[in-house]
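Here's a structure for you.
The first chain written gets the first letter, and so on, giving A, B and C; residue counts start at 1 in each chain.
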Amino acid sequence: MTEPVLDIRNVSKSFGALVASEGINLDVRPGEIHALIGPNGAGKSTLIKQIAGGLQPDSGSVVFDGQDVTALTTAARARLGMGRTFQISSLAMDYSVLQNVVLGALGRRGTVFRFFRPVMRDRELLAQARAALVEVGLEEMQNMRTSELSHGQRRQLEVAVALTLAPKIFLMDEPMAGLGMEGSRRLMGFLDTLRQRAPILLVEHDMDAVFQLADRISVLVYGSIIATGTVEEIRANPQVRAAYLGEEEARS
Amino acid sequence: MKIQPDAAQFPLAFKTVVLAGFKAAKPEVLLNAALMLALLAVPLWAWFADEPFLITLTTRAVIFAIAGVGLNFALGFGGLVSLGHAAFFGLGGYVMGVLAYHAQTYTALLDWPFVIEGSRSMLVIWLVAILLSALLALGIGALSLRTSGVYFIMITLAFAQMLYYFAISWPAYGGEDGLSIYVRNSFPGLNTMAPIQFFAICFVLLILVLLLVKFLARSAFGLALGAARQNEERVQAVGQMPYRLYLIAFMISGSITGLAGALFADLNRFVSPTMFSWQTSGEIMVFVILGGVGRVFGPVAGAALFILLEHSLGGLSDYWHVYLGAILLGVVLFARGGLYGMLTGREAAHD
Amino acid sequence: MSFTLLAEQTLNGLQFGVMLFLMAAGLTLVFGVMGLINLAHGSLYMVGAFAAAAVAGATGSFLLGLVASLVCAAFAGVLIEVLVIRRLYERDHLEQVLATFALILIFSEGTRWVFGSFPLFLDTPAWLGGTVTLPFGIVYPVYRLAIILVGLAVALGLFWMIARTRIGIRIRAGENDREMIAALGVNISLLYTFVFALGAALAGFAGAMIGAIQSVQVGMGEPVLILAFVVIVIGGIGSIKGAFVGALLVGLTETLGRFLLPEFFKLLMEPSAAISVGASLASMSIYLLMAAVLLFRPRGLFGSA
């Protein structure tokens, strides 16, 4: 077995009496899409924050690329190669689409402390930025103001910015949310090939997408992971069926 | 500090996105040119017409513009609402005052552990003013930027006030009365006591500062700083620390305003704690707002308008601040985007 | 340095702190409930002082002066809330700062226009004149003691109002959730006007009380305003309790620093240098206190994260 890219070891976090993460173990291996599912309020967002930075676990550690990053800031983790997309689009809304991706390319270069060269004439950055836009299909929109993009286009732009970082792992928080059928289908096709470049930790609500895409699935319920396994194992797991899928079926 | 990336609340984006967001919107370029020409034409005319007072008045506007351009870099580009830029303006003033005072009295500024002499050279004074202001901004910024929003506003104000009281209670340099300098400091090859020549110095410095800010705004740093203003989370996700970006922006901003302070003290050949006062901070902010936040040339228009108002309203009534207050209130309530916003369309052309 | 001198200075610090609290309470309430930063709060302090001085001068009654300070400051508060301030609640802090800065200009120059540039004087009434001997032989002016007691009484009344009364419950609800109180059918705009007027009245009252021991002049409000800012930064914005603790801390630090630091430096250097170094450090002391608090608690002592 190859070394995992991301290894979450026994991470716990509580807010007062509320236990958001309880002894969570999870790893993401090269080349895989590892999906994290769970009902609303299971603690998925809290866990993502502890992985990407911004929230310190009470105990346990986050090991990324062989290095303990638990004490590092969000920015430092991003520099080490975590490419994150947000559940709610988090972009510089007054900037053009191209400026947003150039910002990502700058992040990959590592330093923004260049004060005189016009950044929007930097061929290397522009090439990287445009390549990422082509990949997600936004090249026509590059001069549009980001706030004028549709919801789906903003999601695509989020992914493009993560691409420019050339990360060692993608952390994607509900990338399909609100995309619609056609958008979801296209993004799924894209993610399917993306795993070759870097593994993906995918938090997703859309069960069909998860079962189609994921190599492995972890199920988070009330702050604990109750099962981890392949799609078939998860489908067959009675505990998961009871705690999660049962709910879904009951709802539909 | 965080300002919500809402274009309607904080009109900082570009009006027209031309290829790669580069060329500024046309009307703005024209306005910039007209503004700079007017600032040049008035004193030239005054020089021929032998109206030295008018030259001095324009010089004041130019110096205020430099101070405003400094604040605008933090405020407009970084979203840092500093209500304490008088700290840098005053520090610049006192750098000039103290160095010139020691040169004038032939005393050393410091005897131990090494000797520091005073200086009458503008170049030396500017350099010291810029460096010390940057250092002060590092200190104030390092503390204030740990907070955001309204805390940041109050804390910057409080630090400037601290320096104000410090200047008042430090009798060695005049305390409340301030320091007078007999002769304006020297610049190689120029007679700085001739109003038009001192104006030329200030005008060239204004152009240099404007160019600097224009370059910074277009640079990698400028892109990241603007992104941090709009969305800190995004900047962190690409591996940058907003705090560091803000701190450097604050230092650049402070040192520009510090330079303006040194020039202002030289213009008056006088420096007093008033330069540190909260009114000064407020006025520098007014230059920025009257002109238009986040426009490179905005503070130039704002400062010119301020001087124009001061001069015309001041002739009308001793209590001209009432009118100034009313106009300012009107601008904030009804004409967001300032002069530039009114003349070139509501949103800033960000390049 | 004797014990009685130290005790007297401590009381002065307490007196100053209590007055700062009256200023800071209004600021912190207005920020907590309406999310507004109001630079013109110092102008309301000035309005109170001028109203008291003018009315007391005309009628010879100090009490009428105090009433006038409350009424005039509250009225000025209502006026600017209705005309200007309520347009600013939804704006960003920058615009609030500028608009209220504009109000300062209008108030200050307007007052200068009406009353001229010379300071007015508000005399302490005879029945509050003289000194009183406290336990341990501390001799202290009656008027300053009255300030402390009245200030503490007002502070207690404010705490009681916020904690116990219906209007207090609404104010606290407004701090937590605007939509919630709207849903409860409370007239928000009236509530906001009330909170603003209350803050204004407290500021005006403080201005009148202090006006009797200092001169009443244009520009008297802003130094106090900035100190009140320091107070609420230390205490945590929006917290009345924080404002109280912060005000006493700042009042005591400022007063005792001014008294003790020169004395302290006299032990280290020659007296004239000691006085100048001590005075400079004393004037910086409260800002250093603020910086120290911020280092450990960027949201102030009682601020919510």
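The rule is simple: a contact is a pair of C-beta atoms (placed from the backbone, for glycine too) under 8 Å apart; a residue touches a chain by one contact, two chains touch by 3 or more.
Computed from a prediction, not measured in an experiment: that's the story for all the values here.
Asks: Among line, ring, star, complete and other, which one matches the pattern of chain touches?
Replies: Shape = line; chains linked end to end, path left open.
Asks: Let me spell it out: compute each chain's centre from its C-alpha atoms, then which one is farthest from chain B's centre?
Replies: So the farthest one, by centre of C-alpha atoms, is A.
Asks: I'd like the Å distance between the centres of chain A and chain C, where a centre is the mean of that chain's Cα atoms.
Replies: Here chain A and chain C have centroids separated by 50 Å.
Asks: Roughly how far is chain B from chain C, going centre to centre by Cα mean, in whole Å?
Replies: Distance between chain centres, rounded to whole Å: 31 Å.
Asks: How big is the gap, in whole Å, between where the Cα atoms of chain A centre and where those of chain B centre?
Replies: Computed value for the inter-centroid distance: 43 Å.
Asks: Quick check on the complex: what are the chain C residues that touch chain B?
Replies: 31, 37, 39, 84, 87, 91-95, 97-99, 101-106, 108-110, 112-113, 222-223, 226, 229-230, 232-233, 237, 276, 279-280, 282-284, 287, 290-291, 294-295, 298-300
Asks: How about chain B: which of its residues touch chain C in the complex?
Replies: By the definition above, chain B touches chain C via 3-4, 9-10, 75, 81, 83, 143, 146-147, 149-151, 153-155, 157-159, 161-162, 165-166, 168-172, 278, 282, 285-286, 289, 293, 319-322, 324-326, 328-329, 332-333, 336.
Asks: Under the definition above, what is the set of chain B residues touching chain A in their complex?
Replies: Answer in residue numbers: 5, 7, 12-14, 17-22, 215-216, 218-224, 226-227, 230-231, 233-241, 245, 248, 350.
Asks: Enumerate the contact residues on chain A facing chain B in the complex.
Replies: Those in contact with chain B are residues 52-54, 73-76, 78-79, 84, 86, 90-96, 98-100, 102-104, 106-108, 110-122, 126, 143-145, 147, 161, 165.
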